[in-house]
Amino acid sequence: MEARPLDALSRARDKRVIVELKNGKQYIGLLKSFDIHINVVLEDAEERQNGELQRKLGIVFLRGDTITIISAA
Amino acid sequence: MEARPLDALSRARDKRVIVELKNGKQYIGLLKSFDIHINVVLEDAEERQNGELQRKLGIVFLRGDTITIISAA
Amino acid sequence: MEARPLDALSRARDKRVIVELKNGKQYIGLLKSFDIHINVVLEDAEERQNGELQRKLGIVFLRGDTITIISAA
Amino acid sequence: MEARPLDALSRARDKRVIVELKNGKQYIGLLKSFDIHINVVLEDAEERQNGELQRKLGIVFLRGDTITIISAA
Amino acid sequence: MEARPLDALSRARDKRVIVELKNGKQYIGLLKSFDIHINVVLEDAEERQNGELQRKLGIVFLRGDTITIISAA
Amino acid sequence: MEARPLDALSRARDKRVIVELKNGKQYIGLLKSFDIHINVVLEDAEERQNGELQRKLGIVFLRGDTITIISAA
Amino acid sequence: MEARPLDALSRARDKRVIVELKNGKQYIGLLKSFDIHINVVLEDAEERQNGELQRKLGIVFLRGDTITIISAA
């Protein structure tokens, strides 16, 4: 069975992922939802920059347009 | 029930949120409305940069295209 | 009744607003019209940068794509 | 009667306008035509930068995507 | 008869034009074709930067998205 | 038979590819899937910058909008 | 017969072309395929920057969005 990229995101649901933005910031949290624009919602999220924790954010909505990559945390 | 990213914004309606823009500015206020482009309207809003209050704005319309993340205030 | 972001712009029609662009310039004037792309026309407008008046412009057409936020003047 | 932003451009047809681009250049000339993408054609146009005349251009086609504002000259 | 912006490009077909890109480069050549995205093909083209000839290119395809203005050479 | 660009990606499926992003980072891994937006999923991936290994990533989702080129590893 | 821009690319098929990207890199190779987004596949390709050979790439997929111009090699 041939997978599509969004299937990989579906399999990551409710798991911890790292979402990286064009501005260099990283958001680590539980992947709760995403859509075809790759808008993403993380739960229990934190923001890191250059590997350092910046803030605890709880639930965060990330606009797809600003995202570069998503990987497992 | 599987949520979509915009559902997270719906649940934040009438609550205080922080909206961050590509230019680094933050807008904190009551989330009054949003649409599929993630255009957002905040009420009783203020602008901050580098953590410092810049201006009191009242009602502010934020173009979705400039938004990076939205989180609870 | 749940409002949409463009409703906030409709209520601002014929009132003085501040439109801010990605290039940092501000345009202050009477909001005469806007469309779904957030193209905006101001009347009796002036341009400011870093809080200083740059020019009187009369009627000005602002392309939505360049706008970051719109607030009450 | 409620105006739309493009109506303001229609009223400026055959009048002298200043079109400003994201790269900071200004084009001053007679507004001959425009479309919904805000592609614009000026006649008898000149290019200015930092207020100084750069070139006489005659007819010039300006891609909408690069335009920030259009005002009366 | 009210013209549209693309009509001005049609009238420039087989004439020498200057196409300027967002990266500051200029391409001068015979306008052979264009489409609604303002993709452009020039023949007998040369590349200039800061007014200086860089290269002779023959036929060149220019992506519309990178074009700022097109004027008569 | 005339090939389309996505056919070249299809033939690279399950092979090692290098995906390069606008921010200069490279991702090397097995091409598992892609879509018409050129969203890409790599398996057994690693991140490199300036030729140096940065991180082991396992499965990674890369947004098409940020990709410049894809070649064989 | 009036040509369209993509016709010029069709005539370049299986010929050596230079594809230039927004990041300043050049890719020289046989044009194997392209689509309406100007996604391009080159065969027997090499990467150059500032006129200097960087890498031999074999088959390379170039995202249209990052391309500025395509000319004969």
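First chain written, first letter: the chains are A, B, C, D, E, F and G, and each begins at residue 1.
In this section, a residue touches a chain if its C-beta (ideal position, glycine included) is under 8 Å from a C-beta of that chain, and two chains touch if they have at least 3 such contacts.
Just so we're clear, the structure is a prediction, and the values are computed from it rather than from any experiment.
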Moving only to chains each one touches, count the minimum steps from subunit E until you reach subunit G.
-> 1
Between subunit A and subunit E, the Cα-mean centres are separated in Å by 41
Any idea how many Å lie between the Cα centroids of subunit B and subunit C?
-> 18
Computed distance of Cα centres, subunit C from subunit A, in Å | 33
For subunit B, which residues are shared contacts with two or more other chains?
-> 65
The ring order, beginning with subunit A and continuing to subunit F, is A, F, G, E, D, C, B
In the complex formed with subunit D, which residues of subunit C make contact?
-> 21, 23, 27, 32-35, 39-41, 45, 57-63, 65-66
Report the residues of subunit G in contact with subunit E in the complex, numbered from low to high.
-> 2-9, 12, 22, 38, 64-65, 67-72
